[in-house]
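Report on the following structure.
Letters A, B, C, D, E and F name the chains as they come in the text, with residue numbers starting at 1 for each one.
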C-alpha cells in the first residue's frame, strides 16, 4: 500500500483485492510504505466526505486471517507518526528489510 | 475533470456546488471534461452504501436549473454517447444521463467569459 | 489575489512545493483532499507554511482533514473551513487556480 | 488499471501483451481492474486517427484465445454493464464488449496463482 | 501547462482547450511550468506509441494567433533543457514574473 | 531478482526516489512512459542512477524515449529496450513490481 486513502480509490480497491486474496487462502504479506501509512492513522471520520471508512475495513483484516501488518519505519517518521497514532498494531521495517521482503515474493501488487 | 469512484474530485465538486447553490450563488454552467465525462454515465450502479454520483448531479442541477455540459470529444472516446451520437456511429446502445448535454469546448470558453469565477475540480 | 487549491499529498507529488514557489503577496492557499496532509503540525511542510504565513493565508477543508484522522493535529497557521466557507473564499479572491 | 485515453498505461499494456503473445509466450488471463474497466466499453468512439483500444484488445485476445476478465465491482460503479447486469438493475442499455466477461476478484487471485509472472499496468 | 506529454492525456486535452479558446478570440497567456516544459522538447516521434504528436499541435499554435509562449526558466534548468532544445521560440520567466502573471488573470486553467 | 517498473516523472512524483530507496542487490529498474525522464543525462537523477549502476541494471523503453524527444540524451548507464526485450526482462526476473 503506497497511496493515501480517499483522494484516489486505490487504497479502497487495494483492500478489496487483499480481502479477496485472503478469502482464497493465499499466503500474503501486507506492507504500508510512503503515503500508504496514512491509511493506518486512527480517528478517521469519513461521514462528511461520504466514503467507506477504511479504518473500519482495516480493523476487519484479522477476521480474514491477515495478522501481520508491516510498515516502513522511515515513512512514519517523515510524516511525524508514531505507532501509537495507528489504529492497529504494526511491525516496523527498515529499508533493507523492505528490500529483502520484496525479493521473497512471487507476486507484488502495489496500490 | 476527475473520474467518479476513482478520484475524490467529483465528490468535492459536488459538495462545493451544493454549498454554492444553497447559499444563493448562481452557477452558470458545469462543464465535464477529461475523465469527468464519466459522471454522465447512466449505467453507473454503485453499491447501496455509496453515493450514486450521476444521479446526485442530475438531482442537484435539475433543482437549481444549472446547465450541465459534457465535452463531446472527451466523451466519445471514453464511450459516453447520447442517442443521436449512438445512431451516427451505428451503436445499439447509449448511456448519457439526462439532463447532461454533449457539446464542444466552446461551451467552456463561453462559460469562462460569462462567469465571475471559474473553478476546476481535477483528478 | 489568487486562491490556490492543492489536492495532492506533498509527500508524493510536487504540486504543493511548486505552488508555494510562485505565490504572490497576499495570495491564499486552500488544502483539500490528499492536499490536507501538508497542514499536519511539525512536518517539514508545516515549517514552509509557517514561514509564508505572514504574507499569505492558509486554509484546510475540515471534512477532508476529519476523514483522514488529522483534524486534531493541524498547524496553527492553517485555518479550517467548511464547504460554505470554501465557496466564500472563491468569491473573496479574484481568481482560482487548482494545482493537481 | 489505468483509464484508456487518459493514461498511457492501457496502450503500454496492449503493446506488451502483443509482444509477449507474438513471441510465443502464453497469457493466462488479463484482468481489468480500477479504471481499466473502461477498456471494455463498447461505446468508445475515438477519432479516426487514434487507436480504438477496446477493439484492439478484442482482436488481440480473440486471436490468441486469451481470457479477458473485467472486475465486476469496479465495472458496475463505473457504468460498465453486460446484458445480464443491465437487466438486474433495470437499465435499458448495456455496453460490455465481447469477449470481455464480468467476474470477481477471485479471477485475479486465481490467475496470480496459476501464472509465472504477474504484471500491472497502472495509471 | 504543468504536466508532461503522453503519460497522461492532460497535455493533449489542455492544447485542445487552448485552441478552442483561441478560436473564440479570447485574450490568453500560455505558460509552461514544471514537467509541462517537456511538451516543448523538439524531436518528438510518437509513431511507436501511437499518440497524436504534440510537437506538431504546438507548431500550429501560431495559426491560432497564439504567439507568446512563456516558460518557467527554473523548470528548464532543473531538466537540463536550454531554449535551443525547444521546438518553438519562447520567453523565459522567473518565479516572481510567474507570480505576477497569475495575479493578472481572470481565469486560470492548469493542464 | 525484482524487476521494478516506474512510469512517473521523477520531477513530479516520488515513485522513482522511493523505488530506488528499497532496491535489492542485483535488482533491475525499467523506466517507461513519463518515467523515462529519469534517464536523461546530466540531471540529478542521472547521478543517482550512475551511483547504483554497479549493483543494479537500468533500462528504458525506447518507444517512450523517442516519443518524448529524449532518445539521444540518455544516460550511458541506462540501456534502451523494445517491447519484445521488455517481455524478456519480465521472464529473466523472478517478480515484477510496478511503481506508479
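Keep this in mind: contacts are C-beta pairs under 8 Å (C-beta built on N, C-alpha and C of every residue); 3 or more make two chains touch, one makes a residue touch a chain.
Everything numeric here is computed off the predicted structure, so don't read it as measured data.
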- Message: Once the contact rule is applied, which chains count as partners of both subunit A and subunit F?
- Response: C, D
- Which neighbours do subunit A and subunit D have in common? B, F
- Message: Farthest chain from subunit A, going by mean C-alpha coordinates, please.
- Response: E
- Query: More contacting C-beta pairs: A-B or B-C?
  - Reply: B-C
- Query: Which chain lies the greatest distance away from subunit F when centres are computed from Cα atoms alone?
  - Reply: B
- Query: Just how far, in Å, is the C-alpha centre of subunit E from the one of subunit A?
  - Reply: 38
- Note on the structure: Distance between the CA centroids of subunit B and subunit E (whole Å) is 27
- Message: On a C-alpha centroid basis, what's the spacing between subunit C and subunit F, in Å?
- Response: 33
- Note on the structure: Each of the following residues of subunit E touches two or more other chains, namely 6-9, 34, 49, 51, 106-108, 110
- Check: subunit B positions touching at least 2 other chains come out as 5-6, 8, 34, 50, 73, 118, 120, 122-123
- Note on the structure: Expected list for subunit F, residues touching two or more other chains, is 7, 11-12, 14, 33-34, 63, 95-96, 98, 100
- Which chains are in touch, pair by pair? A-B, A-C, A-D, A-F, B-C, B-D, B-E, C-E, C-F, D-E, D-F, E-F
- Contact footprint of subunit B on subunit C as seen in their complex: 5, 7, 32-34, 61, 63, 82-84, 86-87, 90-91, 95-96, 98, 100
- Query: If you look only at subunit A, which of its residues touch subunit D in the complex?
  - Reply: 9-10, 13, 16-17, 20-21, 23-24, 26, 106-110
- State the interface residues of subunit D toward subunit F in the complex, per the touch definition above. 8-9, 12, 15-16, 18-20, 23, 25, 116-123
- Query: Given the complex with subunit B, which residues does subunit A contribute to the contact?
  - Reply: 6-9, 49-52
- Query: Along subunit E, where are the residues that touch subunit F in the complex?
  - Reply: 3-8, 34-35, 38, 41-49, 51, 55, 78-80
